[in-house]
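What follows is a pair of complexes built around subunit A, which joins subunit B in one and subunit C in the other.
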Partner chain A sequence: MSDSNDPMAEIRASFFIECDELLEALQDGLEQLSEGADDPETINIVFRAVHSIKGGAGAFGLESLVRFAHSYETVLDEVRSGKLDADSEAQKVFYQAADHLSDLVRMSRDGEEIPANDGEDLIAALNALVGDLAQDDVEPEDFQPLGVAISLDLPAVDDAPATPVFLVDFKPGQELFATGNEPQMLLRNLCDLGQAEVTCHVADLPHLDQLAPETPYFHWTIRLEAAISEAEIRDVFEFVDGLCELTVTQENGAAPDNPDLPAPDAPVNDEADAAPPPEPAPAPVEPATAQAPKPDLELVPTTPKPASPADKTSPAKPSGPAGQKSVVRVDLERIERLVNLVGELVINQAMLAQSLDQAGLSPHSDAMNGLEEFQRLTRDIQDSVMMIRAQPVKSLFQRMSRIVREASAAVRKEVRFVTDGEATEVDKTVIERLADPLTHMIRNAVDHGLESTEDRTAAGKNPVGQVRLSAAHRSGRVIIEVADDGGGINRPRVLGIAKSKGLIPADATLSDGEIDNLLFLPGFSTASEVSDLSGRGVGMDVVKTSIQQLGGRITITSEKGKGTSFSISLPLTLAVLDGMVVNVAGETLVLPLNVVVETLSLGPDDVQMLRPGAHVVRVRGGFVPLYDLGVMLGYRAPRDSLEKAIVLLISLEDGTRAALVIDGIQDQRQVVIKGLDDSFYRAPGIAAATILGDGRIALILDPADVIAASGNFPQADLSIMERKVVND
Partner chain B sequence: MTLTVLAVDDSRTMRDMIRMCLVPAGFEVHLADDGVHGVEVLEGIDPDAIITDINMPRMDGFGFIDAVRKQDDHRATPILVLTTESAPELKQRARNAGATGWIVKPFDPEKLVKALTMVTG
Partner chain C sequence: MTETTTNHSLELLTFRVAEQEYSLDIMSVREIRGWTRTTPMPHAPEYMRGVINLRGTVLPVMDLARRLNLPSREVTDRNVIIVVKINGTLTGLLVDAVSDIVAMTEDDLQPPPELSSDPQMAVVRALTVIDDRMIRVLDLSAIVPATSEEAA
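Moving on to the complex of A and B:
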């Protein structure tokens, strides 16, 4: 199909990108339909999405995709023409068909084998929607096998070894010019086929004063000697079929080369031997006979034709701006490169700042002012680069809506899926890597979160459960929340399971929050009977790990009888962080600046001991738990006295506050996040690393993880304290 | 002489394919996303032929052909309709709207070029 492979591959790739967009538009349209939209443009959008997928798929020979899209499109066309009502039953099938279509697109893209009878059930369901309508339409479809064009050629070649001579009589009709056709072009094309003699008949030309400029007065007779079939001659006139009087006869007496051709031509053949060309009464070719030469179609014999083309004549659509934006497609690799370069720029700038500082320049000197401007610009570049990678979470949310549909059908619960903040933009990589954990969380919410319909009714709740997925930007991070309005976490049961599985000591006393967090422990699964839905050997611990790998955190809140909500908090960008650089026991560490509320120097009476190893610090009349970073990270033993120690007061998204003891504050600066790959041990509390201005490496802390990790090691904490007591 | 072609299709894939077919064949190709855009693009150029899709947002192919034919300069400009359907009714409708001919999608690059040379000479 193409003479060079490369551009084709590129277009193919862009076709699949377009497919994703079209599938998204399809989902949107279906959602609007199910919300009761019945304006023609909505169904037009849905139709066009499927239609365009089919069109492109045909170009790449993706037959299964074409076949399914065609069935789908046919039904949508019935809706479009008002013959079929898109009731809730139909919408259900449309949703399933959309899901299946997106599967086919994915499989086609990945080059997966698609079974021959793929989607039969759905195609049957689609056909059932149109019922009798479809039957009528399907028949003409079978009726036009376009291999015909081939059979046309064969007899001509076999029966007429001598070069056939054709007589073509061509008389343009009135409308020929109105459609932009031009007899001269047609004659020229005809002449290209072989040896031609053209005679122009001018007898009808009126006097000049009676001449209407756009009326054809001439007609032509062409004697054509060429080793071709009659069909090929008719091909030339394909566009003007019905707009002219055309007869084609073969002079040197071969049998009619196409018995299938319409009757008018057949008798002409007998006369052709005897009679000279122009005389025979012109047999006007009626529009209906125009079907015979259809050269392009033999390319796609597998493409069934849409059943009811007449419906295409529905009135022109009202305008509906489809959110068109001018876009440039860029290879992701180039953007990655840019991101990396900007990262290097930030490091380089930090080094420059440090050397200028060491050179003892005045902060008001031109160099320092210039550096400040430089920093501002770097930050702008950084933001812009990050913007390139950002995408709305909408496509991700749409995928989840499908998960909800499938999951709720599997466990026979009625679920309403609500989304919020679809336009929130998140880094593309983050979106991609969120799909799996979110899928799992959504399945969990439907399967375990929501009660059965009976239980809901018994509890006086709406029998239709709700799962809400929302996204929002909050203080430099993205918050994604999955919330259900189910029965909440059954804490006694969770606690019991954790104890019976030996995940926690049998005598442990845990707060509600701590019990909820047990769900994230590896090897924990509450489902007493493993349903085929969420019991896939993937637990919430895997979800938590994937979120952490993205630099994010996940928290649970649950209220008995009201529901459970999982909140994922992610950094906006994966590459750069505003950090506070601190010293702890001779090590340099970086903390995200946005969690630091204030810094304190501890006075003699500020610290209170709750129990050994558990101190709190008094801040503005309240108490905040105190953690010694040096001890928690294993850098050193606890200090003898916390007096005069420097403390960072931090506040996390979930409202948790904590005071971290450090040795000194170095700086506040942007750092480039360098991920620690899997070959490193994943130490709790350490999120990533960075390279500082002086070229040294510093670890970046995740404060929430640090605090959570310390809670997991109360025993170790205690033993260190005890040793200290003994030493005293 | 370079032939100038305006191609109107709402599918990026199709636009890319048309361009890929025609540019190597020596055509100067202008593209538009839908009928409304097509009319806008047409203002700045004088194409030797126009290719248009039928199913498009904002203004479909029929509306577009109509709008083009209303302009004196383009009363006789050849217009080819790109269609996945080859049903006679659709062709008749395209013709009534003033289309010169049609190309059935998916099209063969050679056929497209041939059809264009056929109508432009």
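Moving on to the complex of A and C:
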């Protein structure tokens, strides 16, 4: 990126960034189409996306990209003009073409060699769609990305190059009449300026009985040949400024800077503020690039169409990139730096608070009040910074929809891909690192989760399988779910495989849930035949590991005949956490505040022994398993008596509840998460660490993981406990 | 760690661990700090003392005596932590005391005798003699386990 100062390289880079956005818009549009949207705007968005990519690619001489985009665009234009119906067959080709287009963009960006006849079959498929209606338009070789548009407005250009020729498009608005102006006067004034040819467009005139007397239906194109400046022409219309749509274009001679663009000056448009991209701008360009314009085309329908009176009521529809919010592109590194600085600020604030507290200041002193304000501001800054990093999961989901298409084609299954909650925002890093595990899970769902079409039909199900990807915020975490409506996990087979591979003892009896979790064991694969798609030894264990590295958890639920669902629960951000600071065996620990439901103080009859070493606590009629945090973490031996211990009742996002025995509660506060990635072991149950006000480190617990791990480490518990006893 | 040519001069940081003298290539040492109380990590290997706050980052601290299977002793304020960088990762090594910095060439180093069964020898890269005392040059990459070796 920074290895060259070539300005072209920079423009090129920004072109590819735009391409990504356009491809996203393209996907969006296609999805809307497949959901049955057939309004012209949707197809316009799709068309524009492809068209803009083609335009940019042309400027950079990316031949293959231009060629493919052109074919694609040609077909889309047929849909746009209503000649081609975007049925499901066409949509399939459109999706494939969009995928291929994004491949081409990527290859062009990375400077990869694109095979000469790349995408031929897709181009052929696209052409086949328009086969019977295309006459002359599939001629990529003749294509030129820019510049010929204006010529169709010029019946005779070459005759008078000496005097400037202006094309004035004048279209009165309704208010023009209401304010007592008269088009005829204006036209006459215009004619006084020089040689004028006035064409009146009457195409919009309705039938007599539909005619509203106060509505202007006519508009005019004046071809004015005069040795004057554009400003003088505009002066004529000075009094109707804002009451009409006016475009002045110079078409020869001392043309300003860019004769290619038909509308260098924004038209004087009464809704100019609301609709920054004027309709006439795209209109003349498209016919030339999209399809060779029919030569006998009259002047009339080209420009006035989009500006007909009927459209005036809805002029503010978003068109093109200018309709989006303004966005600043920032190097991620700078944001990282900001995030780190804010993290330091929070720690620093905690230290300050602690020293003020120790200084014994009155809570009503100015310093304490100021500190409170400081805390509020820090928190606001922190939230804002976090919002910079948050991104909707949409881009990720779109990538997955492609995975589904490719996977379903590879295994010849009809799959409907449903997404939900695309607007859910997640930390950027999380999104990036989620792509690989999610890809794997989606492939698994298509390949293993869904039954073959025949099996589905036999089972009386919809032959088209469904894979559902959803995201939602739930209790301060992000839940991402991959669900299929396939046959569910074949538990006897899973058990058989696990036993035959020696992953579990041959005489083991496992509950359904335990069997399901066997899928996460390293080296497990259910595919009876290794397919191209999945099952190459890289299994769900890898998925599980990568999710855990993100501080997340993955759970699995399956119902026979109904389907399987994987649920990933992730922290919202990798940077801060609302935590409850507690004491356990002399150590300070932080628990995520959102899991803590309430605190209890145990009475003599509250704790019941289930079996030796396993206790339950009675909470309002229900029994909740009781865990001693100090023992689970190997910090101390079990307490003799649980009486008077403080207990935190926690609720995990899967709905299970647990009671944790701790020694004391210090505080509730926001803590900065410091990753433990750099340490060379992963302690089970420890999600991260944070730095306390006194500069010491406190560990942040992942309660669900602590509880899960406590079952797995009984031996470790004992040995560490013994060691502790010896050492301390 | 990075010296390949003979006659290459190098500096060693020498220090004491459980009455034994060890040394490290000074190029891998980032800083030396006094002992601060560590936060123990649950279920960690025995030689892991825990983590400390090194100016805002979490630094794992290893008890070198336990790592080398030497008798571990009471930690006092006189102990020091040598912060080393290995494979891009910072790690703290808890030692008894830092002694000196000595300059020498690779020629002054002798390969340790083959005592394959001794786990302690696997972490000693070379031996050298300074003032009639034998100094062991530690192989850092052998001491600090690779990432995720202990995971799962």
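Throughout what follows, the second predicted complex is superposed on the first by the 495 of 728 C-alpha atoms of A that agree within 3 Å, B and C clash if a C-alpha of one lies under 4 Å from a C-alpha of the other, contacts with A are read in each partner's own complex, and residues count from 1 in each chain.
As a working rule, a contact is a pair of C-beta atoms (placed from the backbone, for glycine too) under 8 Å apart; a residue touches a chain by one contact, two chains touch by 3 or more.
Bear in mind that the values here come from a model prediction, so they are computed numbers and not experimental data.
Once chain A of one complex is fitted onto chain A of the other, the partner contacts of A:Tyr635 are limited to subunit C, with no touch recorded for subunit B. When both complexes are overlaid on chain A, the residue A:Ile347 reaches subunit C alone and has no touch with subunit B. With both structures placed on the common chain, the touch criterion links A:Ala683 to subunit C but leaves subunit B unconnected.
For subunit A, the partner with contacts to more residues, out of subunit B and subunit C, is B. Within the superposed three-chain model, A:Leu396 lies out of touch with both subunit B and subunit C [touch as defined at top]. In the superposition on chain A, A:Ile662 makes contact with neither subunit B nor subunit C. Within the complex formed with subunit A, the subunit C residues making contact are 36-37, 39-46, 48, 51-53, 56-58, 60, 72, 89-91, 144-152. Listed in rising order, the residues of subunit B touching subunit A in the complex are 10-14, 16-17, 20, 24, 33, 36, 54-60, 62-63, 69, 75-79, 84-93, 95, 98-109, 111, 118-121.
Of all residues in subunit A, those touching subunit B in their complex are 1-3, 7-8, 10-11, 14-15, 18, 44-45, 47-48, 51-52, 54-56, 58-60, 175, 177-182, 184-186, 188-189, 236, 238-239, 242-243, 287-288, 290-291, 294-297, 299-300, 303, 305-306, 309-310, 312-313, 316-317, 319-322, 324. Those residues of subunit A that touch subunit C in the shared complex are 343-344, 347, 545, 587-588, 632-635, 674-676, 678-686, 689, 691, 695-699, 709, 713, 716-717, 720, 723, 727.
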